[in-house]
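The first chain written gets the first letter, and so on, giving A, B, C, D, E and F; residue counts start at 1 in each chain.
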């Protein structure tokens, strides 16, 4: 079965992915990641104390916050700061980003420090959470390199790498890395986070139209695995640049 | 490989599940569901208007709210009403319950009505969200029967059935329906929502310790499928009682 | 003068009162109290520190929180956690419960501990605050027994007993323990909290229709005294069970 | 038994009460009421629409809001607007003021209007809620006179009069109109609202030290009745001035 | 060019200004300041600790809070405590008052103390922020005198004096100290804070209608300088009274 | 007198200013403005309805919201959405931006529409509010051009142009366009908004160290006038590009 994706991509083709380090100057890590038109600014900020629930335990923490600029979307959304609270979707996404990144950090090696990953969407076109995880990993590594360079820590607390991508069934065909046009017309949507050892860290699948079958699930997982392989390579290439 | 579960259950064995209908008298549907020591009161309330974003479209809506009584847990948690906001976990769970139940409702047949599913945890021992989905389905059916009996609607908007269970890898072995002792010691934890046609509605897997491999995922999905089959039968048995 | 109460009760007759201890398993005290169809889950949670304003004074504190499940009422009420604040009625009631129970506690004997009484209404049919006080007393005693059994305290801090009931003028006749049908049709409504020494702890009377006269007040107080005597006996009977 | 009150007053003696009408110029009614050093500014504001729950029913509403200036008290309290919410005590008091004043208003004669009574404490020395009720009555009458003078209503919706006073047991002796020194040292404290027909509108008694007996209650009620008689006369005298 | 001001004042004429010290009894400084019908109660409260960001630095702090009673205005405004937050205008004004008063305080001489200036508008008729600054200065001096009298500080931390006035272009003519009628009809509006050395502390000009030219600005500044001279003299006269 | 600015600039020299239009794709106007290292993303969003207070009056509205990304600053600031409210500084700045831009808009020609200007600081190095106003003007013009191109409006509602710059006294010397190093070491700081007719729209001067004299004020205004002239030219150049 064949389908024409709105973007003309092949079913297993990522959008153009760009990872731009040092996008802003104050943060210890600062990455502008683009998955096609989706652009997310990911900064990693080092705070030299652990959160209250870890004080005195010799361990650090990695946490994330997520936001969308009000007009990052097709129609303007309310500013969460003005509404006075973060919505359920925002909280859900930032909890996901935090869990995903903690999966590649040895918190003892980090020591009593917190690294906050702020992922702010400048422009949204589907897949903001997967772009955020993929970019935040690079910002995290830059922040850790900064700590190592200043000899604040002696051992690299980051082991392996983590990236994320969405997959879904669009017009009956499993496709990789949904953009907004596909996402809003899609029956099934899954976000997959994996590490560079081929292990799954998070799997979040939702049937919005009809429930999905085991066979569809298998195809989606294979697509995700392929896409994440590509993303892990792009992360390493970016980190190899000065 | 073999493991002794804290409860002494077999790896593919559910806890004792009870579904008690008509637990309270005001709600159109009211179910106390127990998965072992986990007890959740699920009520379905009919409101004769659609939410603002659906007004005038001839469609209804099903939504859910979730809460834990402060001392439903081992140590007392803050009351969310007193703290002035619902936490991220709460919002995440109630969004999940709503999506899961909407997956078996024909919203045109419901007409411009809202059914609110309130899932309040009286006692928590792991798996509150899967118990909530499983119980809320029964409360929803009771509310719909009430509408049909009063001839407010002419066609049953509920198609099929929906149930949920958790699965996880405990001490290296995939097990079904985690209780709190297992959940807190578990490497991987997955919540699965399925319908009675064997389709997946939601899949949320999280590796808390080590990332999980495809083979583990396959075992977990098989366990979930088995457990959900049992739960669907228990729902039907409960609904067959007067 | 004679009146037929909606429930068919005599003017000085309580509803059927049940006091079920150990209703849930985590709390140090857990009581499901029913005044007819009104059902309130009262838990007592021990926290091994005093509130900030008492730190270092060698005294403990007893406080209460109150909530209604959204569909405990005839029509669904908004969830206070979702609205982002507790309403005035809720705050008023939980302040009342706290004051009432502190009236039978020697806070020095309790030591630097806090006992939180959570009173959550599962089903409402009038008189939730008086049921809550009556049930919370039993939960409090159970929590104190738990502390004594573990030898965390050496002296029983609870002296005497406390119970509460509502009285009102319904169709011109003073009646005891109003249910919802009476409460909403009632001219005058009074909540009375007394101890087992016959002393008044709280008296809150409100004329919703016509102002009440001294003679009516006297009749209402006599009814309350009678009803509280019955409730104090029921509490002791419940506490005498294993 | 005899006691020396901190102020040197006789047990049944009110503080000096002053009722100053037209204290500010914008409000339809504006009264500065003083019970000794307690000074409360009570304004009555007419809004030409009923609250949402009464729209189209031909009836009006009277409601109250209460606040304390941060330094009306001995030590500065937090500003509720800065803290982001009104405390339980504030909500409890403003609900009481509203109920008390509605007890003398024929809401049909008022028509679809709302009168808001703002009671702001400029200086606190005990008894702010009873001073507020007593002063708000005068502001309410002034606002109603304003409506009558402009012929917006044809019939006076205020029937009778309402005033309030506190009573308590101070060093074993029942005394009238507690000031702060007495209030903070007092075993039992009761706020009484009555109308000019001798009927009780609200009765709120709290035993802070030992529980009070029927005989004490009777003495307190007699004192309150006496004090409210004096206050009703002072209200009429103030309203008789131009 | 000539203009008739609604109040009949000359263009460079202040309204009648009154500064009434010791208006309330609990605060260390308490001033009721009137600029015509604008009346603001300014209290200065001494707190014997510095704010968190200054702890241990040997310096104190002066801060301000501002509020309007709901019916201080022509039509009733919502109570900010009930709405659950202070509006932007309120925050802007209280930040201005704080900065203005800190400009005449040697914070080392104050020691680790905080003086909170609460400025609450009892009646508004334009110029509430300038009246607040002018009155708060007097309350501040009274609080400092109290500290000196009790020998809690040895050196007067207040140097010089600070006052404020508004100026604006009304019907083409620059005028001093706008009242509400002028303010709402005014093209340009400027608030000026100066000290007794003739220096500017704050300048906030806004063109609401047409943008203002340098020449207009010069006239406005001259008017403000004249008015502030008068206000500084009135402050000193008030402070010279016992 | 001569001074070496941290950046090496001449006293009357702006930082390098860049105005990049069409920075994001969804907004009707989208401008990334840079004043040196200060970078603010300004989007203009058209909403086809007027705010409630203008409904039915045939007029439109222009309003602004302002935010800083948490790590736009040297050390990370709390996310306002997570804290649950916008701070006083934020509200003050967004009110200023809104007033400034409304000064060049004929709201009748705009019709019943709202244009929201979102100014989000990606990187802060002093002068974010002046950069925001200068950039928002360009975004506003782009949004209006979009409306004109689609013939939704027939007449250009923007008259003239508006730009803003800061000036201050740094080490005794008046300088233009303060960066963060200067701003934090500066005695006096003034933000000036002017139009292309040479008129003042806003003037906000604050003496943080010593009060400033008339002569200093005159120098600062001259500097601002010069700088704004440069900025207005840069805006026109940017708008002349396709």
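Keep in mind that, in the parts below, a contact is a pair of C-beta atoms (placed from the backbone, for glycine too) under 8 Å apart; a residue touches a chain by one contact, two chains touch by 3 or more.
Everything numeric in this text was worked out from a predicted model, so none of it was measured.
Touch-path distance (fewest steps) from chain A to chain D is 3. Shared residue numbers account for over half of those found at the interface formed by chain A and chain F, and the copies are therefore classed as meeting with the same residues. Put simply, the C-alpha centre of chain C and that of chain D have 28 angstrom between them. Mean C-alpha positions place chain A and chain C at a centre distance of 51 Å. Averaged Cα coordinates give chain D a centre that lies 33 Å from the centre of chain E. The multi-chain contact residues of chain C, meaning those touching 2 or more other chains, are 84-85. Residues 24-27, 30, 37, 39, 41, 43, 45, 47, 65, 67, 69-74, 76, 79-82, 84-86, 90, 116, 118, 120, 122-124 of chain D touch chain E in their complex. Put simply, chain C touches chain D in their complex at residues 85, 87-89, 91-92, 94-95, 99, 103, 190, 194-195, 197-207, 210-214, 217, 221.
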